[in-house]
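What follows is a set of structures to go through.
Below are two complexes that have subunit A in common, paired first with subunit B and then with subunit C.
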Partner chain A sequence: MSAEKRAGVYLCHGCGIGDSVDVDALAATARSTGGVTVTRTSRAFCLEDAELIASDIEAQALDAVVVAACSPRVNRQVFGFGAVKVERVNLREQVAWSHPPREEATEELAADLLRMGIAACGYASAPTPHTQAHQRSVVVVGAGPAGLEAAVAAADAGYAVTVVEREPEAGGFLRRIHRCWPSRPNVDTSLENPHLDELVERAVSHPNVTLRTSTTVEALVGEPGHFVASLQSASGATEVVAGSVVLATGSEPLASEHFAAYGLGTLPDVITSSEMEELARQGEIRRPSDGRVASRVAILACDGPSDDANLPYTGTVASMVALKQAVYVHDSQPDAEVFLVYEDMQTPGFDELYYRFVQRQRGVYLVRGHVSSVDQGEDGHLGVVARDSVLARDVRFDVDLVVLDIGMVPTSAPSLSEPVNLHLKYLQGEAMPLERSGFVDSNFLCFPFETRRTGIYAAGAVHRSQDVAASRRDGAAAALKAVQVVEKASTGEAVHPRVGELGYPQFFMQKCTACGRCTQECPFGALELDEARHPVINPNRCRRCGICMGACPVQVISFPDYSVEMVSAMQKAVELPEDDSKPRVLVLACENDAYPAIDMMGINRLQYPAHLRVLPVRCLGSVNAITVTDAIQRGFDGVALLGCRSGEDYQCHFIQGSELLGTRMDNVRETLGRLALEEDRVQVLETSIADARRLPDLLAGFAAGVAELGPNPMKGF
Partner chain B sequence: MTTTEKPPEALAPLSLQPDRAFTDRLTELAGDSFSSCYQCGTCSVVCPFSAQGTHLPRQEMLFAQWGLENELLSSPNLWICTTCGNCARLCPREVDIPGTIRAARDLYVAARDIPRELSTAFESTSRHGNPLGQSARKRAAWASGAGVDVPVMAKLGRRVEVLFFTECYWSYHPRGIEAAQAMARVMAALGTDWAILGTEEQCVADSQRLAGETGLFEEAAAHNVETLRKYEFGRIVTPDPHAYNALRNLYPHYGGTYEVQHYTQFLAERMDDLELHAIPQRSVTFHDPCYLGRHNGEFEAPRRLLEAIPGVDLIEMGHCREDGYCCGGGGGGMWNSSFVADHVDERLAEVRVKEAIGTGADVLAVCCPFEVSLFEDALKSTGNDGKIVVRDIVELLDESHGPAPVAGGASAPG
Partner chain C sequence: MSGRDADPLGGAVSDGILVVGGGIAGITAALEAAEAGVQVYLVEKSAHLGGRVAQLARYFPKLCPPTCGLEINYRRLRENRDVHVFTTAEVEEIRGEPGHYEATIRRHPRYVNDRCTACGACSAPCPVERPNPFDYGMSTTKTISLGHEMAFPMKYSIDASTCLFDDCAKCVDACPYGAVDLHMEEERIQLEVGAVVVATGWQPYDAGAIANLAFGHYPDVVTNVMLERMLAENGPTAGQVLRPSDGTPVRSAAFVQCAGSRDRLHLGYCSSICCLASLKEASLLLERNPEATAHVFFIDLRTPGTYEAFATKVLAHPNVRTTKGKVADILQDPDSGQLVVVADDMVAGAMRRLPVDLVVLASGMEPSLTQGRPAAEVAYDPDGFVAEGADGGGIFAAGCARAPVDVATATLDATAAAMRAIRVLRQATPLPAPTVTVPVP
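And then the complex of A and B:
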């Protein structure tokens, strides 16, 4: 610990800790550690004794506090003392509740954790927040239902909103829709007017909203709190400064070429669901070829085995469109017959009631299966043959009109001829990062509104497949995130998931080799390069994951209160007994999922090997390879890297952290090989927050594997 | 052999020309719940015929929705279904599947020739008041062999506590008569104030109704309600779950509202009054009648009777209670066995007796008059005769409460 630090150590007896370990012996350990000014014990520091800590900070001018008690995940407010660094040593969940009491191994574990906590204190300096950017305004791109709702929500919050719309009129896809299905269906309900004019009027008439139609975004530069959008319209170019951006550019029907097998493009009376909306608006549904009223209509869901292109964009919305359009036909002509061919009807929640309602309409016939052919028959009829999956038999019917239920492709999808582009002036590229079907990437479980470009929030059909009502809700929610990011930026605080974090990466530029790896690996595009090809941070884009810190091959990146040196010091605080019967395994655990899962083991009183030393990290991606090689070279018998699932269905809170770490660990294994050490001493283990029941076996299994390799020969060197 | 005559690939495309008038007629008879079927297939999985290659009843719901009269009415499945109701119990859309099948049968009976055996049963019911074709005058003949007095309402000329509605199979079928006589002895032992209608009683015809002969049921109901109106009684007790179902749930619509109990319910309330001792059979398994259990929610009463017999272990079969397996006799199946045999590999009773034998029990206990003969036949046809004994619960009680009814079948010392 650096000499200038003055730390207080507070050891709690409560919640079973006193029964499990010798707290007085731990206090003696603390007192003998350099830099520790005060050491106290209490039956419960979370009650009135918290005052003792506060008064010591005052009286003894402490700049760091070690609270050796419960998990850092609880009592955060009780143990928050302003700018003073608080290091929590988890003696409750990870010692007393998960290891046999009063055993030597348990006592050793507690002492090591305490030493790690005290060591960490030496590497905490108070961060200087970045507070320059705080434009209380939002640019909304797209004036459809999501964009208009976002505009109203942000404007109601007192923000100045500029809505940019490529088309000459606001309304977006809603302009093409005749009716919406009921937003709150019951068993006997009717279609709703979308009330487009009211929605547009509500936004346009708002004093805080400016609508710019026939306008596109040509460039977007900056960071949350201060973006500059370059806009282009017929009347010329202009710039708008905004604190954040809502992207609500909606969707386009999938290209007709994918539906040639259904006769789209060759048979005039085969139309898309989008065209059906226009026909329905005419009142009577007349077929395009001869203008005759269509009294027999086939609606084909196009969700069969040969509809690969359409399948990512079908689902709930497409199912509901099919049902709604069956009602168009039924309502315009009560004697009409509608055949709806589908493979998977997806009507979750209350939509189920609408499904049931449509099924009970006379003249609506549902066929579960997939279409084998659509042919021009006699008398101008179209013959449809479908393979019924229930009867395992073809069924045939003649119709006047065939409607294809065509999926909605997000305007961001690269498969479109002109995907929407905000022209981000980011090193990592102009486009928004996308997920596999072309929707703007976000994680619907962990961060449904966050994109990988902090301060830019997607809403509506570009975000995920959703209907008008859901798009409007999505727009309002995105607007709130857009407001939040600006408010946070104004005080230099991070947004999700490390909300409120003030420190951001600092670069020791003299040692930087200008390799640029940090700028490539940052999942949020927070880093740019200057003329010398050195990294430059945009602090408000940064989410404080530390992936840059893990990436840097020369370790020049650190946070004021989180660094490679700090992790290294904590690792070095663990005593490595020379006794071969006392192995030591370091567990670098992701704070988002793995660390809580370890806590959960304690809460459930599940035991795991006491020779593991858990060291929390912000993200596995923040683990620098040198931390692992150092630990092995120092004599740890094994190192487990415990984090979130990577790959297509990633659960990493920082998207790529665990994936990047995997690659880095390949290099570490190579190093181990050079040292003639078994590469199995280092392993990446995946877990999730709900894995507590499985975790004891996972950890014990790894520990057993390490034990089989025998003691680390580097120990004692 | 399955209900599908040819491999499905060989079938010509089915022409989908909905007949709305047909759908409307079905709706009039059974409501439009079938329109809510969304083809999840749950029904076909739990249908007792599911292992036999039928699409019952999922296919029939589809034909009903599509208004395909010919497909629905010419499907052999229409006559295989026993209306056991396991499909409706689990249907997530709460489709009245047995009701829809019954409605389709109604439309069929009005227009087409029904399977011959079934028409014979209908004719017998119409002519003799029972589907067995027995003389109406002999309806109470069973009583003379009971060994105790069986009072008859007409002769008694006063109010009784219990009017016992014997129904046809306990009146005429040899195994039914044995059960009826056992019942009489148990009633006597309890000192019940009871009487039967004797020759005035006529078939309730609920199974005929479910088989599509609503007219026959309505005639019978009119007759029975008229008869019952002449007498005063506290409640009706019947051994037949099908009669119980109709007397309890349907007769109110025909002018007859009574307190109705199945005999197991009546006896379950009085088990403390009956002195029982152990019987030679030690382990018993029990078959839930569809129309007592699933359709009317009574699962406990028969089990209470069995558990009251000292020393008897009740071993449940895998299919029991709500998930009870059908014996094959309901919904007209009792009189349609050759038609069913032509369309399925194995009759339901045959599947069921194997399951019963699998429990290792000595006795397969039943409490529906159809079941004794169906299961005893199934034991013979599957070569399992003697591996398990089929007994009505009341026969076991009769054996348990008094001196051993048959010489040599000595009861174990209490």
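And then the complex of A and C:
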């Protein structure tokens, strides 16, 4: 450790550590290390003795503290001492609880982990937060139910909101909807008036809301806390500054070309569900061809084997639209007959109760199956032939009107002729990253607002397939994320998942080769290029994963408290015995999944080879190839990279981290080849947090494979 | 989460938000609100957070472990001093009006104080083995236990219903840190909050109430939540799917959908998640026992939108079979002892009999607040779910307390409820006028 640092080392005897290793010997190791000002031991530092650490910090002016005790996953606040760097050395879960006590290998492991922790302290400086951007305002794009709800929510919370709507009036697609289905059909089965005008009025009359209709976003620059949106309307161009953005541009019906087989576009009385809303708004349902009141209507769910294009967009909404529209027909003509053809009735939750209500309506016939043809019959009727899967035969009915239940495509979908675009002036492109069907989403499960464009949150039908009530909830939720990111930006803190992190990447530009790789690999588009093609960071877009740091071929990127140098110093702190019977394997472990899984081996008292040295990293994507090749060149017999699943169902919290590792490994293999070393000495092992019971074998297997290769010939050079 | 002492308030009152329930919805609501700068009191009745999701083996559709997302959330809690967590606690009463509520929290004794380091020394000498509720009784733990490896907070607790207390007290002597306190008393904590989020979640519907499905009658008839524990690596069978009756690997399983749901005699609504949960469990079964077959009996397969691709993939597996039709009976073959599923095959128009090793009942979701409702102005619908707060109210429901929903919807819902709660706070105590840089048109 560098001489100017003053560190305290605190070694705990508790929870079996004292029985497992010679704590006094470890204390002696600490004392003999440069920069260590004070060393203490305790039977349990997490109890009263935590105050000893606090008083040492004060009295000895320590700038770093090494707590060699339990895992960093516990007692986070007990061992939190303000701005003082705290390095946790995991002697409990990863030594005492997972290795045989008092054996030489266990003692060596503990000593190495301690040295690694002390080494890490030398490379951590207190970050200076980026606090320049603090605009307590939000731009909401789209004035449908989600956007209006977001606007009112943020405005009520004290934020200035500008709502941008491309149409001449607010309301979005809901303006075209006649009635909504009941949200609690177990209480009331009547169709609900969406009360759109009230929602619009609430937004428009709010002192904190400015509504700009017939306006589009032409460009968006900046970062959370300070975005500038260039707006364009008939009256000219203007700019709005906002701390964050809610994207609520809704959805539109899937293009009619996908429904040609049903006669849409050729038969005048074959209409779409949104056209049906228009008819219902006019009162009696009259068919387009001759204006006659429709008394026999077929509503086709379009969810059969040939409807692949429709299925991703029907969600839970389409079935309810069909049921609701059956009620429209009934309300228009009490004697009418409605044939509803469907494969699977997608009415989860309370919607089921509405389905049952409609089933009981006189004149409503539910036909389970799929449609084989729709033809113009004689005397103006349409003939619908369906394969009834219950009766296992074809059924035919003649109707006046056919309504096709058409899925709603998010306005962001690239398949649309003019997808909505915020025109982000980001190096990585103008469009928002999308999931496979075109929704603006990245991880819809645990963290529905985890976006790859920090500070821009999607809500409503552009986010996922959902109804009006759910869209409004989504709008309120997106407003919270929008408010939150502004508050965090004001203090320079990161948002999800490394919430509160202050340090952000710094660039040693003199050595930058302007290759641009960091700007391409950042999953969040945080980096732009200046005129010299050097990277420029937008700190509030950054999520602190360190992927840029892993990407840089010349290692010029580092965080104040996390860097290639720091990881390298930790690796170099591991003693590599020349004794061939003592191999050493470095394990670089993803902090969120692999590291806790290793901890849980300990919690379950499962054992793994004691010659492994676990070094947690923020993400495998933050591992620079040089870290791996340096370790091998130094003489580690093997390096395992333990991280999350990549690919379509990726589990990386930084989206691409484990994926990018693949390309980094190519460089590593090239170096190994140059050194005439076996490729198998370095391996990526895919793991998950639930793998505690699988890890002992996985790690032992890797260690055995390395052992078969024999000692690393580079050792001792 | 506030420091070592879980009672940071010392009986004082404070404004902020009360979140009732520490499952995925409650955790999400608490964190999202706190990260926007609001004080949050999170009250959980059991000894640990995580709720039902902590008991799941995997989430659909990514087949990823729920503990992965929980770990991120627990990390956020550890770092956040604005979320005050109360475990083994229940909300007894909420009085007042939006912006000004007074809540009475009843905290049951944990019998283990905050000196607990989770070293486990107490558990070894404990003589009492009790059925483990985390595994739905399929395993046992000592009466003083950590719960499970991902327990948060990572502190032991005592099951008062089985502890011998002073007649034993071995754990008291075994604990090196003076953490076991068999004389800990119940306490009441008063909180003053501006708004409330109810996220009390769900419980599995009592499968024993559906007489024809023979749950409780044959040991090889289990519920979906039980199978989920078997599939979990930290469960009673360490992830293996074994027949409860004889411990042999399951070669064939029948998934009985709508066991209680969509049935006017039981739960009238659809529980939303069971179709996807069964498809997920079927694919996990085939991953563990590649020779096995999974047979799903359903009325409608509800796998809407984004989930369609997942369903298609699972159903394409040659060992996954489906029958459209309701299960009428579960019988036992008198000769082989094997279970036989009798179902009305709607497509074939005939009754079908299928012998299987294991029957999995997709028992539905029932709101937890069918019992133990706090005294508060909360409206419930006839099924026991919390009706959505009307405008002007200050108590909001999130997740499965509001409606039967999947995790993705619950987390979104919880974020929305947190925002609605914050609005109530801000209207009672407004922020300074916003900084606006909007040019005048």
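Everything below uses one rule, namely that the second predicted complex is superposed on the first by the 698 of 717 C-alpha atoms of A that agree within 3 Å, B and C clash if a C-alpha of one lies under 4 Å from a C-alpha of the other, contacts with A are read in each partner's own complex, and residues count from 1 in each chain.
In this text, a residue touches a chain if its C-beta (ideal position, glycine included) is under 8 Å from a C-beta of that chain, and two chains touch if they have at least 3 such contacts.
This one's a predicted model, so the numbers in the text were calculated from it and none came from an experiment.
Q: Is A:337 touching anything from subunit B or subunit C once the two structures are fitted on A? First, second, both or neither.
A: Touch status of A:337: first partner only.
Q: According to the stated criteria, A:345 is in contact with first (subunit B), second (subunit C), both, or neither; which is it?
A: It touches subunit B and subunit C both.
Q: Return first, second, both or neither, reflecting whether A:543 touches subunit B, subunit C, both chains, or no partner chain.
A: A:543: touches no partner chain.
Q: With both complexes overlaid on chain A, does A:390 touch subunit B (first), subunit C (second), both or neither?
A: Once the two structures are laid over each other on A, A:390 reaches both partners.
Q: Between subunit B and subunit C, which makes contact with more of the residues in subunit A?
A: C
Q: Which partner does A:681 reach: the first (subunit B), the second (subunit C), both, or neither?
A: neither
Q: Touch test for A:669: subunit B only (first), subunit C only (second), both, or neither?
A: neither
Q: So in the superposed three-chain picture, is A:5 touching just subunit B, just subunit C, both, or none of them (first/second/both/neither)?
A: neither
Q: So, does A:360 touch the first partner subunit B, the second partner subunit C, both, or neither?
A: First partner only, subunit B.
Q: On subunit A, what residues does subunit B touch that subunit C touches as well?
A: In subunit A, residues 345, 356, 390, 392 are touched by subunit B and also by subunit C.
Q: Contact residues on subunit B for subunit A in the complex?
A: Subunit B residues touching subunit A: 8, 11, 13-18, 20, 23, 32, 35-36, 38-39, 41, 55, 58-59, 62, 65-66, 93.
Q: Tell me, which parts of subunit A touch subunit C in their complex?
A: The contact residues of subunit A facing subunit C are 14-16, 43-44, 46-47, 70, 73-78, 134-137, 153, 156-160, 162, 183-184, 186-187, 208, 210, 212, 235, 238-241, 311-316, 344-353, 356, 389-390, 392, 435-437, 439, 444-449, 464-465, 470, 473-477, 479-481, 483-484, 487-488, 495-497, 499-500, 592-593, 596, 600, 603-604, 644-645, 649, 651, 653, 688-694.
Q: If you look only at subunit A, which of its residues touch subunit B in the complex?
A: Residues 337, 339, 345, 355-356, 359-360, 362-363, 365-368, 385, 388, 390-397.
Q: Going by the contact rule set out above, which residues of subunit C touch subunit A in the complex?
A: Contact set of subunit C toward subunit A: 1-4, 24, 32-33, 35-37, 57, 59, 61-69, 71-76, 78-81, 115, 117-119, 146, 149-150, 154, 176-177, 232-234, 238-239, 261-262, 268-273, 300-306, 308-309, 324, 346-347, 349, 381-383, 387-388, 403-405, 407-409, 411-413, 415-416, 418-420, 422-423, 426-427, 430-439, 441.
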